[in-house]
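Structures incoming, each one as structure tokens.
Below are two complexes that have subunit A in common, paired first with subunit B and then with subunit C.
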Partner chain A sequence: MDILNALVAFLNFVFIPGLAYGAQLALGALGATLIYSILRFSNFAHGDTMAIGTVFVILLTWGLQSVGVSFGPLPTALLALPFGIVLTAILLLATDRAVYRYYRRVKAAPVILVMASLGVMFILNGITRFIIGTSDISFTDGERFILTAGDFRAATGLAEGLAIRTTQGVTVVVALIAVGLLFWFLQKTRTGKSMRAFSDNEDLALLSGINPDRVVTVTWIVAAALATTAGTLYGLDKGFSPFTYFQLLLPIFAAAIVGGLGSPIGAIAGGFVIAFSEVMVTYAWKKVVTYLLPDSLAPEGLVQLMSTDYKFAVSFVILIIVLLVMPTGLFKGKSI
Partner chain B sequence: MSGAPATPSMTAAAPAQGPARALLLAAFVAMLFIGTGLFQSWTLALLIVNMALVSSIMALGVNIQWGYAGLFSVGTMGFVALGGLSVVLVSSAPAPGGWAAGGPGILLGLMMGAATIAAAVMAAAKLPKGRIRTLGVAAILIVGFLIFRGIFDPAVQAVEANNPAAHGNLGGLGLPVLLAWPVGGLLAAAAAWAIGKTALGLRSDYLAIATLGIAEIILAVLKNEDWLARGVKNVISLPRPVPYEVDLQRSQAFLNWASSWGFDPITASSIVVRLMYTGLFAIVLLALIWLSQAALHSPWGRMMRAIRDNEVSAEAMGKDVTRRHLQVFILGSAVIGIAGAMMTTLDGQLTPGSYSPLRFTFLIWVMVIVGGSGNNWGSVLGGFLIWWLWVMVEPIGNWAMTVITTGMADGWLKGHLINSAAHMRLLTMGIILLLVLRFAPKGLLPER
Partner chain C sequence: MAEPFLIGDAMTGGYGGADILHGCTIAVEPGEIAVIVGPNGAGKSTAMKAVFGMLKLRGGAVRLKGEDITTLTPQARVAKGMAFVPQTSNIFTSMTVEENLEMGAFLRRDDIRGTMEQVYGLFPILKEKRLQPAGELSGGQRQQVAVGRALMTQPSVLMLDEPTAGVSPIVMDELFDRIIEVARSGISILMVEQNARQALEIADKGYVLVQGANRFTGTGQALLADPDVRKSFLGG
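Coming up: the complex of A and B.
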């Protein structure tokens, strides 16, 4: 029984939170990697794009709630999500016209585009604070749990409970749908194929009659969809605060680079690698270890490798190791 | 600027050239400060001047990294924080009983940690490639980590349990605070060496992301390692290099001097103290500028620019690009560390919770780009101009919002708009950065 209890504790405190967080990071990293492979720069404004997308969704959710619309047991924010994506896409396309298009036309070095994205980051951050302030916001509603710890204990008779929050379930399901749609789009549709061609070899793609403006437009729309979805899921799961979204930039880029910049599969793998390492290194294993070892060997301390405040260090160390050992990432990314 | 395309618009947008243009712009910025002094108060103007001096030095450090060598490092905040830490370590009084509680244990633990990493690096270099190497390095790291935690954790607990309300840390050495400035530079330089050794071989955007992470880690250490500098409990009332206002107000000589000029003693004392800081900071800034200008116009500076403009050809000429990059990265970081120590001295306290990358990394970058990458005087101009704006945008925004909302009925929207004026800063900085990048990519004072 003790091994079962240890397993349940592991699932409850490590696996399920890691899975949800990994799905959120994967969606964020997919957006960053897509922009990198097609627009060819590291978009420092990606975290703030996620934040402002989430702000749109929150405002729409409040609107829906005030007219009495709800999504039954699921969070109302899911109903608002498509409209939030549309608003974010409009914003990103406007940013592209106002800022990035000029640098593409003069064929500026990638680092200049990165600087421009710093400017966009400032502006988006300012707008986010302007609209919604700096306080933490919780906008989840509906059922809180799919499975509560009490029900699980009653059903199985184990001492350890297993709880699955609705937001965790929703995160995984929505992420699966989003990734499925993205891969179908990239592999099967004409536009998706032209995007991949453009990413592989810009000159050849142009030569074969692919319209670059169209590719760029579609890229921004897809990036808006991914960023808004990632931001909304993260906000539902952990609460919305503009500061944390800016700080997500590091794990997201780490995920994209670990997987191989420019590779969608890599971004997903990288997201889960980073998320699980972060959770496992910062989790206090005392409970699991106590179940597994005989009483005489029970640990006194928390059996925690690192305090949770150092979670950045985890993404960072993985990033450095991968860059030193295999500079193109787990799935051969590109370097420009 | 590395890779900046030479567009016609930026040569056309220069009505005055060379020194005349620099003087004109400097006069304009000086007017801003004099205006603040005349219309608001001289204490406020001097407050902005002092932080502008510190910001200019930070901008100088970033300019050394980016303007001279084209290194895209966004870890500025981390080096600023390390400079601040040095002030605590050098100048604050030792915590009574802190060292005895666990000082040697902490030191030994840290040394074991460093030895572990060194052993792992050596094993990775010496052992033949393959499974043995992977296992060996992993074994060294795991055993070393366990020993490190075994020595380090009890010592930290003992130190942090030592009168946590007032101390709970080791405290400093109690040395003069001015000594902390060069030490801050050294601390930042040491960190930069370690970072540069691992991250400088990487491509430009990877370096940016790596340094972004380093800065967050340094800050996390400062926030959580209470034994070091009390973490988020802050270290307050650090010693000052200048007299306290209260002491001046008590001194008969000062009172006589103030009344002989007809000054109000309280205002006069705060102005005199701030002017002393201004003097100290200006000396450091001028010395650093002089050194940077000399370096820039030496063969070394020409080599750096050659590397920046074309790495491949510089390498073909026999220049060791990675080594030069490491050197310039360390130099720039040291300058930023000095500025960080100066800022903490000015504040008189170390508050790790107040460091944010937007303020201490990206704002400094805006200063460098607006001032003109590669031009030391440009960094100073950018530092003064942007810092003045950063401080003044909020009151200006407040005023603008009040004007806009005068016709509105009192209610949720009006309150929201007036409260939001505080967030105008970020918006303004973003717009300024984008406008300069687009219409004057070489900045206000171009490199040549």
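Coming up: the complex of A and C.
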């Protein structure tokens, strides 16, 4: 029995990666849920919006690095992020003009908007690969670790090491700031309140003189900020590749639906539910279990419920269970 | 006779297809309560929506203070001082009572606190519940929120589509009292009501519509006293 080492192994391999991944999913799900509740369709292009937003940030990061700008121990990409957000917002607003606005004007059914977003998804996907290629790109720089496993062992004398990567710390801090800003904006500002009113009751919002075009514009800008931030944090943490971002669509929507579509708090909770489920189901628990059980009972296998190749199955299963058992999600969103 | 403050004059039209209104006229003066009653399907709500610009007229006109507003959108009419309380979905359920009132005043850029205090004065219970989501309130309180939201624009005309639908008789009396109070402050009230008898009792002017046309028009008391109206619409 070695509870301390088991706990450290758990923190190192499950909790910290899950926390960072959950924060990234939460930001992605917030964008998706915001678009769903205000523009009233599931935006299939959200994963690829994250991808192209990250591409903007990568290009700007390279530009900054080439002129010798750096952010000390933090990734240079954080300096590029605000400009990446601006470019992504411009792109989304242009997409809205070119594609979605027409369908809004003819009052198309939501499913038609979903199909349109599917088309946008393929185009963004293509543009992303066209600009930056299909290979994996690592664009993080600065200090690699906040806490290394070796330092932790030396400080505590435990056999297990605990490492916290800078990108994990940055993810959690930036996500907290972004969520704080978003909630302040939605709860306290006139524009934010008008967006909630529009989401709650569109007809009454119009009767109250709320300008729908302005609500739509601000929604795309906020969605661009959330998607670019989520994509950049994910890319810093795990590396960028266009295909991975396309695949992120599933856990992101699973998170939004688990939390309750349209509910910002639900999107955050859902992000962590999905992230921790995924990490816990695909983690090989052998190490933790060996510490906890007497030697005679030590497991021979990996004690892994599912291979990491199947991690998307976890999102899928959770999604199906939620839709069957509580279709409005944890925080009473809209059912789909 | 001088032009009324607000008049839907000989309105004809419907939601595409067959007409629902056939030369229907509805008018109201400042500080007056005008009530539209009539059997189901008579076009009461439609007449109201026509005055507010929510359906396109094929004939007739709507004039406010003598100005022709027939072609204005509902939003533009709000800016002109008209306020509308729909029959259903008339509050933002996920927002607090106070936020509902703030959204009502969205078009205003000046200080809205005075108007908010007036609304709280009219409906004291709302002040108590001002930080509660409006969707959690009772039916009568929700209607108060809905009326309060509409009053936040400081309208000159308040239009109510069946404000007492689905509330208890006690709440209904209470709501009518408040509506009279609003009218006393100089605001014109135009209201569609199912509870014809009670509504006519507080009405300065009553319109009985049948099949999209005016059947009887008169003061509320006169209509209540009219044997024809009593026999056909008020159950004797």
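What we mean here is this: the second predicted complex is superposed on the first by the 333 of 336 C-alpha atoms of A that agree within 3 Å, B and C clash if a C-alpha of one lies under 4 Å from a C-alpha of the other, contacts with A are read in each partner's own complex, and residues count from 1 in each chain.
Criterion: a contact is a pair of C-beta atoms (placed from the backbone, for glycine too) under 8 Å apart; a residue touches a chain by one contact, two chains touch by 3 or more.
Keep in mind that what you see is a predicted model, and the values were worked out from it rather than measured.
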item: First (subunit B), second (subunit C), both or neither touched by A:248; value: neither
item: Contacts of A:25 with subunit B and subunit C, given as first, second, both or neither; value: neither
item: Which of subunit B and subunit C A:307 touches, first, second, both or neither; value: first
item: Contacts of A:196 with subunit B and subunit C, given as first, second, both or neither; value: second
item: Touched partner set for A:320, first subunit B, second subunit C, both or neither; value: first
item: Contacts of A:109 with subunit B and subunit C, given as first, second, both or neither; value: first
item: Greater residue coverage of subunit A in the superposed arrangement, subunit B or subunit C; value: B
item: Subunit A positions touched by subunit B in one structure and by subunit C in the second; value: none
item: Interface residues, subunit C side, partner subunit A - complex; value: 74-75, 78-79, 84, 86, 89-95, 99, 102-104, 106-107, 149, 153
item: Complex interface listing, subunit A residues touching subunit B; value: 41-42, 44, 99, 102, 106-112, 114-116, 118-127, 129-130, 133-134, 243, 246-247, 249-250, 253-254, 257, 301, 307, 309-310, 312-313, 315-316, 319-320, 323-324, 327, 335
item: Interfacial residue positions of subunit A with respect to subunit C in the complex; value: 190, 193-194, 196-197, 199-201, 203-210
item: Of all residues in subunit B, those that touch subunit A in their complex; value: 2-5, 7, 72, 153, 198-199, 202-206, 208-210, 212-214, 216-217, 220, 223-224, 356-358, 362, 365-366, 369, 419-420, 423-431, 433-434, 437-438, 441
